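Structures for review follow.
In the two complexes below, chain A is the common chain; its partner is chain B in one and chain C in the other.
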Partner chain A sequence: MPETITIEVWRYRPEQDSEPAWDSYEVPLRKEWAVLDGLNHIKDQLDGTLSYRWSCRMGICGSCGMTVNGEPKLSCSTFLTDYAPGPVRVEPMRNFPVIRDLVVEMGDFMAKLPTVKPWLVSGDDEPDEDAEYLQTPVEMDDYKRYSMCINCMLCYSACPVYALDPEFIGPAAIALAQRYNLDSRDAGAEDRRDVLASAEGVWACTFVGECSVACPKDVDPAGAIQRYKLTAATKAVKDLLLPRGAR
Partner chain B sequence: MSTRDAASSEQRLYRPPVSLTWWLRKPSYLLFGLRELSSVFIAWFVVYLLMLVYAVSSGSAAYQDFLDLSANPLVLILNVIALAFVLLHTITWFGLAPKAMVLRLGARRVPPGVILAAHYAAWLVVSAVVAWVILR
Partner chain C sequence: MGAWHNVVIIGGGGAGLRAAIAVAEANPKLTVAIVSKVYPMRSHTVSAEGGAAAVAGDDDSMDEHAYDTVSGSDWLCDQDAVEAFVVEARKEMLRLEHWGCPWSREQDGRIAVRAFGGMKKKRTWFAADKTGFHLLHTLFQTALSYTDIVRYDEWFVTKLLVHDGRVRGVVAVELATGRVETIVADAVIVCTGGCGRVFPFTTNANIKTGDGMAVAYQAGAPLKDMEFVQYHPTGLPFTGILITEAARAEGGRLLNKDGYRYLQDYDLGQPTDAPVLRSMELGPRDRLSQAFVHEMAKGRTAETEAGHVVHLDLRHLGEKLIDERLPFVRELCASYQNIDPVHELVPVRPVIHYMMGGIHTDINGATPMTGLYAAGEVACVSINGANRLGSNSLPELLVFGARAGRAVAEFVATVPGAATAPVLAQGRDEEHRLERELSERQRSDGERIADIRTEMQETMEAGAGIYRDEASLTKALDKLSELKTRFAHASMDDASRTFNTELIAMLELSGMLDVASCIVASGLRREESRGAHQRTDFPDRNDEKYLAHSVISRKPDGEWRVEYLPVTITRWPPGERVYGR
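Moving on to the complex of A and B:
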């Protein structure tokens, strides 16, 4: 194994650059080092001006998403040795405006997320404070996968539909809506329907499937979207054919 | 940071341009483009079918004209290409079905492979019925 590896970092410094540029750094190649460790080495030892986000270093917080050699990755869970002998190219996540270096602007997702009401909507007007809402393991299985999302945005970065149509609510927001829709304790499916079943909702998706490939948490947002398409279509047909009471 | 600083740094966001060749970057992106394109050929098949129905209902001379048109090499080539696109559309559509349909038998989920196989089986049955009606 070589002693070092070159990391090429996409740089954008708004106060001095009008265009982005590439900077190259030599960092030690260690078996236990992720791309994020390489960046931390650069920041501590070589160039303190480099900006990027991270926190947990263990694939939990979802803040270290980047484009590594062209693929959307969590930089804390992507190991340098997998790219030896290098170079490793690190860019900001695609499909987002860049604030600085590897730091992207996610305001768009933050604005869209609450529109799908990602919380438990109670069916009762006056829920009993002390009531327990029990759930069987089978009922929990229905939505558990979708609840694993860490809002890392790698799925948006991988999605060509989101690149072409920024109005698309996007994979994670829809997966999170399904996380609540499929929860036996939730009564909000009808509230979420207008947004989910719209042209900017599930119907914008043409099943490229790259979101599910990119997802580090195996959430399968593509599956969540396809499943809701069937739900939305079934509901629309029922609305058309059945009298109000029977729906 | 003052509010003004925040606002001015916001104005200098860099928006990377979408490259013209983004769809060549991954096979799945190319497939996505081709599948979008397949809708044009599906529309052509609908038109072609309507032409056939119209020709059949307008008597044998019109039907003969339709057959002559269909034998034209250009139309033949178009139809072969269209068939390829329709097959692409159908196969990718079936591939998606097990994702959309989550069926349960009791507490157990019907495996995705079974749902996929059921779609192909249904396709086969419908094709056999159509072939029987036409060829009998």
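Moving on to the complex of A and C:
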């Protein structure tokens, strides 16, 4: 194994750069080092101006999404040795405006998220405050996968639909809506319907499936979207065929 | 001009979000803002793995949870706070269930509970081994439904504004633009979490730099029991990533390099096949971490590139149980250690994990400063005393986050109006200071921020680690004061305003140097051994002199003063901590 590896980083500082450029750094190649450790080495020892987000460095806070050699990755869970002998190219996530260097603007997702009402809407069956809802492990399996989303945005970065249509509410937001729709305790599916079944909701998706490939937590947002299309289609057919009271 | 809200909460982790919801519920007319240096769902609560304790089964009782907590704390907690805590913990966990938290379940649909270290009954609620993740996302998503809660995402608080003895707001920098804003408030709740990053080897995320402790201390609020820092016995070497105690609760065993269950040599009971509560691997964290040091001294730990380790053996648990109950452990071992715990031993060593001490508050989160409240890991109520029990922290941030929120809502309703001009003037001063920092640190001859930070962390490990003595602590204190002087001249490469993370790192380091000094100074004064504070020169607990909280505060001349406050004892007089017997 060589002792060092070159990391090529996409740089953009709006206050001084008129356009982006690549900077290249040589960092130690250690078998335990994630791409993030390489960036931290650059930041601490070589160039304090490099900006990126990170926090937990254990793949759970969702801060450190980047494009590594062309693919959307969590930089804390992507290892340098997998790219040896290098170079490794690190860019910001695609499909987002860049604030600076590897830091992207994710305000769009933060604004869309509440529109799908990703919280539990309680129904008539809510138990007393000193008791829990009963929910069997089998019932939990129905939505559990969709509850694993860490909001890392890699799926948006991978999504060709979002690239063309920024109004699309996107894979993670839909998966999170489904996380509640499919929860036996929730009674909010109706409230979420207008947004999910709109043109910018599931129907915008052309089922490319890149989101599920990119997802580091196996959430399968593409599956969530497909499943909702089915629900919405069935519902639409019912709406056509049945009188109001019987829907 | 500045912004204004009735209540400003610093921090969008578990404690901050819970407090915000409590304020909104207590009085929907109040405006509440959460100011957080990361998006709330990135907060460190997200990393908590094992679970959250609250009485669940019929075989358990509030008194037993309280007793485990009191004895676990080596009697340094306040028992009135613990009694309130155990009762409200259960309510809070059920509340969270109603909000949608996917707690793991029994076959019949009831909440499942697991064993945890130092707990005599199974009472730890869990969501597989991603409890903190689910808890935080549930709180965050629920908070989204309260449209009146305003958020300042990715804003870094640099200072508390104090006028006429009252806390009146904060100054914060917006990361994206570098804009400095004065945010005026009737009351501030600090929910900024712990400070593990003052040490080199920690389970704590990069953001856990003790900022809230630092700004409170600088504003004149006292910090309590700062000498008590928890080492968790099982972190992965090199990364410090936590392998949750739940792994031992499910039956994992600790082996020395000879494959021997060494804990039996340290008064923690005898090895059995099935795990026994409050015994062996399920002893408290302080005792297990100390046992590691002795084992190392005896030459019975294994040596690796990343230092000495012992082994956690999960192989006998089998793939099915591991995948069902410890999937994250398997994922972390695979990604970061390149091993599969289903078939291999997991190397582990003690790692800095949790801060028992923090901003001194009463049982409602109020500090001695009017208008200033604190909750969560940043606060010291204290239910944790000299050693926190695993899985008591998540319920703590719910219970005391909610309490602080309610107390603030009441306080704000009664507080008289006050002129904002003097606080806005302070805000401008702070803005100028930050501008000076940005321009004056652009020099080529100064030391790097990262180098000073590394030296501080090494100083803390060497001087205030699992075992300490007068000489090590004194040396550390001297070194820290040298580092403060050097820090004043440290330089930065980055002069821009847009997302300047070097500026943030500099501000964090400035606070950490204060927090580190408080830890060491408090440790130097406490001439006894209790819980996580072990003095080799004073190996015994001394209840006559030190059954008391240490309280450190800053004097106007910048020096500190350590005083002691009595511990509240309601029903459990100090006794021996017995495990495995």
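Everything that follows uses one rule, which is that the second predicted complex is superposed on the first by the 241 of 247 C-alpha atoms of A that agree within 3 Å, B and C clash if a C-alpha of one lies under 4 Å from a C-alpha of the other, contacts with A are read in each partner's own complex, and residues count from 1 in each chain.
By our rule, contacts are C-beta pairs under 8 Å (C-beta built on N, C-alpha and C of every residue); 3 or more make two chains touch, one makes a residue touch a chain.
The shown structure was predicted, so the numbers you read here are calculated from the model rather than taken from an experiment.
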Which superposed partner A:W22 touches (first chain B, second chain C, both, neither): neither
Partner chain in contact with A:D130 - chain B first, chain C second, else both or neither: second
First, second, both or neither for A:K229, with chain B first and chain C second: first
Partner touching more residues of chain A, whether chain B or chain C: C
Touched partner set for A:R94, first chain B, second chain C, both or neither: first
Touched partner set for A:S122, first chain B, second chain C, both or neither: second
First (chain B), second (chain C), both or neither touched by A:V208: first
Partner chain(s) touched by A:P14 [first = chain B, second = chain C, both, neither]: both
Chain A residues contacted in one complex by chain B, in the other by chain C: 14-15, 99, 105
Of all residues in chain C, those that touch chain A in their complex: 38-39, 41-44, 46-47, 91, 94-95, 97-100, 102-105, 107-111, 130, 133-134, 137, 141-142, 144-145, 147, 153, 176, 205-207, 238-239, 241-242, 306, 328, 331-332, 335-336, 448-451, 492-494, 496-502
Residues on chain A engaged by chain B in the complex (per definition of touch): 12, 14-15, 20, 70, 92, 94, 97-99, 105, 138, 160, 163-164, 206-210, 213, 220, 222-223, 226-227, 229-230
Chain A to chain C touching residues, read off their complex: 13-16, 32, 43-45, 47-49, 51-63, 77, 99-101, 103, 105-106, 110, 113-114, 117-120, 122, 126-127, 129-137, 139-140, 143-144, 147-151, 176, 180, 183, 185-186
List of chain B residues in touch with chain A within their complex: 9, 12-16, 18, 22-23, 25-26, 28-29, 31-32, 35-36, 92, 96, 99-102, 107
